[in-house]
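As written, the chains take the letters A, B, C and D, and residue 1 is the first residue of each chain.
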């Protein structure tokens, strides 16, 4: 317990800092307006004056930034690109020395000389009150601008490099989110939920307050109002096969200590400005640790996950004249999907299911992107974490989005603790997709790579799955 | 106030983390014992397995580290030097590309290729519970080893680079230290006090509990039990001229709201493993902000500081046959210093004072190290922060240390808010020492660089003060 | 600041206590079921066994209570009435001794002997985890039962006596309620709001989050999830004349430091089981203190209050054949009120206003209940606190309730700090209603007690206002 | 966890309250100085003015109180006795009504009429900031004054009555005290320790910091800086037989989870002003609950307790010409006690032990005060709580106090969870002392009541132990 009490109070100063720090403002002086003035301020911040008045200068720059139009923001980013790269002369000299000496010292100087000056600039901007928050927002803008202005990719690389270091998992704090969490945090949970929309506060309450529900989020100490990522968990006695069972308003909660299964049914990244900084893997594993410690009877950790890439992939195969995957019989059976009413007709449903489930098995087990990775982004995330594909659930989510993205399909990924490392290695190094026998069986009658077809139909074509490296740490839901 | 309440509780998880995280341990396997096994673990942590089992691997490495003998620790550090530098092939290729292309993309790759692999290793070691604390301790060892093993300087540069980023002031938390602070923190204040020793808990109480005393420390959120730096402050109505007035057990405290002057009479860095990461400048300025906001009547912010380099410099001048500084008359007068009883004899004291004070003025205003910086390390710190040398106090600290280091001399540095930036610039860019007229006057009769002498004695030699850059951010007290 | 940090953590144990304390359960034994068993348990709790197993016995009794039907609850309360009153023999003996001796010692014994045994029983029931919460709920039931069962009034007197002592203002804690307050507390704010309904979380947010809104509540340390009373405050630059200006969704918030006026526009008691324990007076005054300290520019503290008794009083006067108050002209003018559409017709509105406002002035200034108190319960509360009736606002609240209760009338009570004690004394001791000149003026043309009439109509009757004591501390909104 | 987070912050306002509340000060007016003025203020506080300005009036009275001399304080208490008793007329009327009616309503009025007016006065004094703290201090003074001024006993009864209600265990908070507790609390632990003196902070650290030490205290939410009672616990693997083993500076701590035994080796009441309000029984039981929940392997809960009354009782028996207890042989053997060096001589020690241990058994098992209670106050406390006397330890505490009070004897009382209620009942109702067979065996050769003697000596006299009620809840150590 040592120290926690004390620290709790420490944090009060964080937000108070915002009001102060202005005593040591830099000398007022006439600066050019607009980007030129900003350039001048940035140079001042990097100079020795930054040592005396760093906090005030940083605050001034961030404040000016926040008032820029989008075009001006682009100009500022281009300024960072053009004027705050490395010092070429120093870099050339460092290269020369390295080529001659090849000493550790020369490498060190080379590394330093190659570091763009904007990295130190960003570090010093962080001196401003709430600097990190503004910097994360700055990168969110930058990610938008980058699409049109490829030069900004290197600027983004510098932000990403620093953020990866600053948001190192060692600095993050896991917090339960429950019905006693402050409203301004909960409001953000509603806003950030990216998988199963939370329509209002009553729905939120149903996800947080019952004894068999849990939610956890990662926070950074300097972004204490704003979660980085959160996961919603249902405690159950079986692995659920559809989301409506989980979210049913009328269900009777069970006692937490009676649960055997923890279902991760929604994981949402919160900060667009932290794209590419991966938290999900750590979050899931930390939450598994915490739940096991609180509720020793839990023995099954499983997701109930969307399949966001399935429908568009399937459309491609259905409408391709020469699908490697679907036989014409399957293509015909799947024609029922074109009428949105199909789920309401049991007969049609059964026909669809017979074709759609093997196709889904193919999608997960054989399908690959051009660079050899699983097609489905959520699959890449969980398989990359060492989970295995446990079960596919037909018509498991009837919401508009799920029907559009996946014809209602959901899947369970199983985090079996003893196998996680092996699964991860198999995936990371040998591109293997670990799946349960039940899932594999759906492909069994068909040789790998053959077209999926009703059992009787002969397979006619081979398919060469890409063999490239397929590892992804990114969650995309 | 938004969010602070909530955050307070967030932190509880920090220390609890220590107990957990072991579910996802890496596969047990036979590893070589000793350094070879550690090398293997480090490679695993950097590999894709590090993604699946990073926290457990990092914890295992740090635990093994903590059991190493000093010789083995050196071996481990040499391992980091030899095996975890940059990948030479990749670096050579990056250089080649850069020389050809000179694009931003090529610079980026060059910067990345030049980054020693141990930087990422250190980042991943931070995943371990309490990782940052162990890493800071690791660098403390490294600083010791570096003296004998120059190769380790580059390893240290990597630690220093990461620590400077992680301990960015934007991530630090200022906290008052008072008599309601937890004992295990106060115990460290006693231990870390580096200027005026705190003999026991009663002395500590006298520095913290009275209404006219303050103490502030910086903390890092992940080192919440351990201050990084702290400053002790006395609230007074005048600028004190000696330390015994400040620490007098029998003095009557004044009401804080009656004070006009805040005296920073002790500043101590706490973490040897963070040497070179500068906090003092920010600390003083933040404390000035906080005090001004709490006590608007405060208008004077001043130190009462030791002069740790003075006696040894003076000894050099006194025993030099050809001092540029001291006339023979002064040398004779200062002979009294050789008898430790001199302060007890008013007559001898007066003689000493007449010679010692001008010599001290010379020491501060004219004296320079070979690289042109002020000789006194504490002077370098405060002048570098933009303070001015306000007053020199004869026989202001009778403690053994102060008598040995400075013949009892103490000085006041004044932080005059409006002048700080200008002073800092003058010091940083033009090597100017800003001092009060009273201090300068002590040199007035003597032309700069002339030997100090009793007023009547003619000056005989010139002295060329170094004009090199003289900036130091480091506090050394 | 001393001690607050530490205490914060202290409270964690409160709710944890609920789970424990069962080790020292009383010996299992066969007890009669139902009320007889409860009687037996209560006797055990009062006996020496209560000393050994008090917490467990108390918990058992409270748990059994919570499972009783309403009829059984009445039986239990009657049990408390019949079996747990004072010991008659002891009481008679004490009276005898007192009559003979008349010593302080005899008075003490008399006081003790007259104390019903249920008082000690209730004190011991408070040993149970969350005992106070259950006891408050118990009294809420009791208040309902009391109506039909007059004997229970003395039982209620014992609860009320203990609660008044336990909920002494010295034990209460004032807390701001804002948008960072935990959701489970805010949920109760929505539920308990008794004046201007809060329809949903968005409305709640508009009352808490803007910079010019405040809300404060009293809590008891052992009921930390449940406010006792709260007040909603708007910071403005003028005294508002209607509630829609205050609650307007589209208004632009002002900066708190620009406000001159704090408007208490809603005060709600939360705990039915604490009826008769008065918190409102302390709450308002404490909030005034806190606001003044935070925002020194605030100089006006005023309510915007409903007039819940006005319409029914006015109906009586309108339909009385011999109203002392309304002339027939006024009665005619007020006939417009019978058509709910009157507010939408400016002409009719003007007619109504000309009669309704003087009537309202009479209602406040001259109207009295049979026991001589102001008719309006909210007036009794604020005037009893020392406020003065500052302004009456025609058609100030168009909500269904306000139209039904007060034909839309609202009033401002002004808390003028220098006058509060004098006003209070005038009200408490001399039955004087303090009102602004503007309010009084509405009665000026009519002598006190005369029938209100259009200006030209002669007054024909006198009215003798009751002169009985008129003090009320209870808020009834 | 619901609500705890939120509440933590709530408490901040407690101490801040001290600074405010002065806006609503009563009208300045000329009051008589001294006690007369205080009487006037007290009457004002009880009057309706107390409703308007209660907090300010209460604060004024308490402030004046704190400046009174001891004689004036006595005068003030006599004032409470004489002028703030019950209203005699009302009381007489209530008695008359009761004798006629004998209704519940009449009893209620009788109870109210018999309540001294000072009870309501004390309740209203509690409105002052930190009122409860001052009131507890006030009673501490009163307890001293009471000895000389018997009239004040009834005043004290009123304080005691209110404090018993306000400090009901249901309102107390149990808190661990450890090395991370704020120093200003720990300072009080040092000061309040009443059994085994804590010489300095290093000794305190040894009692709090090691893994096998625990300390717990009860706090009241409004006295958050000041513990009410605390207990120090050693976690061990055996029942210790002397205090030096427990406090040994050089012992090696064990891991808490390896302990089987929790030893309560020191219990100290802290607030003299709360004398007679019993917390110890609840504290021990709550701590047992908490320890069992944290450390399930703990199965033995035992004290190591002083025997403060033994030496003086033994002296009586030794020097009595006609001891009922000690044979002349035993008296002779115990003569060795008169030489303070006896413990250093093994031979003499053995002689002493042979006589002293049976005498001690007699002291505990047969000895009784005139009113039939065990002689030893600590025995009364623990036996009254349901513990049994488990073991007597010869020469178990060599400190000056323990040698003087008990010739070094200490005993273990065992809290065996299943037996506590039975033991308590046996003690409370049948005056039985529950002791282990080993303790009883020391008396076995001697029939109860016979003089203790070397085995061969015939018993000559009978002794009739008192049979009066012997229950004590008070700890006196």
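One rule holds in what follows: contacts are C-beta pairs under 8 Å (C-beta built on N, C-alpha and C of every residue); 3 or more make two chains touch, one makes a residue touch a chain.
According to UniProt, the chain labels map to these proteins: A, B, C, D = MCD, Malonyl-CoA decarboxylase MCD.
Note that the coordinates shown come from a computational prediction; the quantities given were computed from them, not determined experimentally.
Trainee: Can you check whether chain A and chain B touch via the same residue numbers (shared by over half) or via different ones?
Mentor: Shared-number fraction above one half, so same.
Trainee: Please identify the chain with the largest separation between its CA centroid and the CA centroid of chain C.
Mentor: B
Trainee: If you average the Cα atoms of chain A and of chain B to get two centres, how far apart are those centres in Å?
Mentor: So the centroids are 40 Å from each other.
Trainee: For chain B versus chain D, what separation do you get between their C-alpha means, in angstrom?
Mentor: Those two chain centres are 51 Å apart.
Trainee: Would you mind pulling out the distance in Å between where the CA atoms of chain B average out and where those of chain C do?
Mentor: Those two chain centres are 59 Å apart.
Trainee: If I count partner chains per residue in chain D, which residues reach a count of at least 2?
Mentor: Within chain D, the residues that touch at least two other chains are 1-6, 8-9, 179-182, 184-185.
Trainee: Can you name the residues of chain B that touch chain D in the complex?
Mentor: 5-6, 8-9, 179-187, 200-201, 205, 209
Trainee: In the complex of these two chains, what residues of chain C are touching chain D?
Mentor: Where chain C meets chain D, its residues are 1-15, 17, 19-24, 26-27, 48-49, 51-55, 81, 85-86, 91, 95, 98-99, 104-105, 107-108, 110-111, 114-116, 123, 126-128, 131-132, 151, 153-154, 157, 162, 164-166, 168-171, 173-175, 181-182, 184-185, 219, 221-222, 224-225, 281-282, 285-286, 288-290, 292-293, 384-386, 417, 420-422, 424-425, 428-429, 471, 473.
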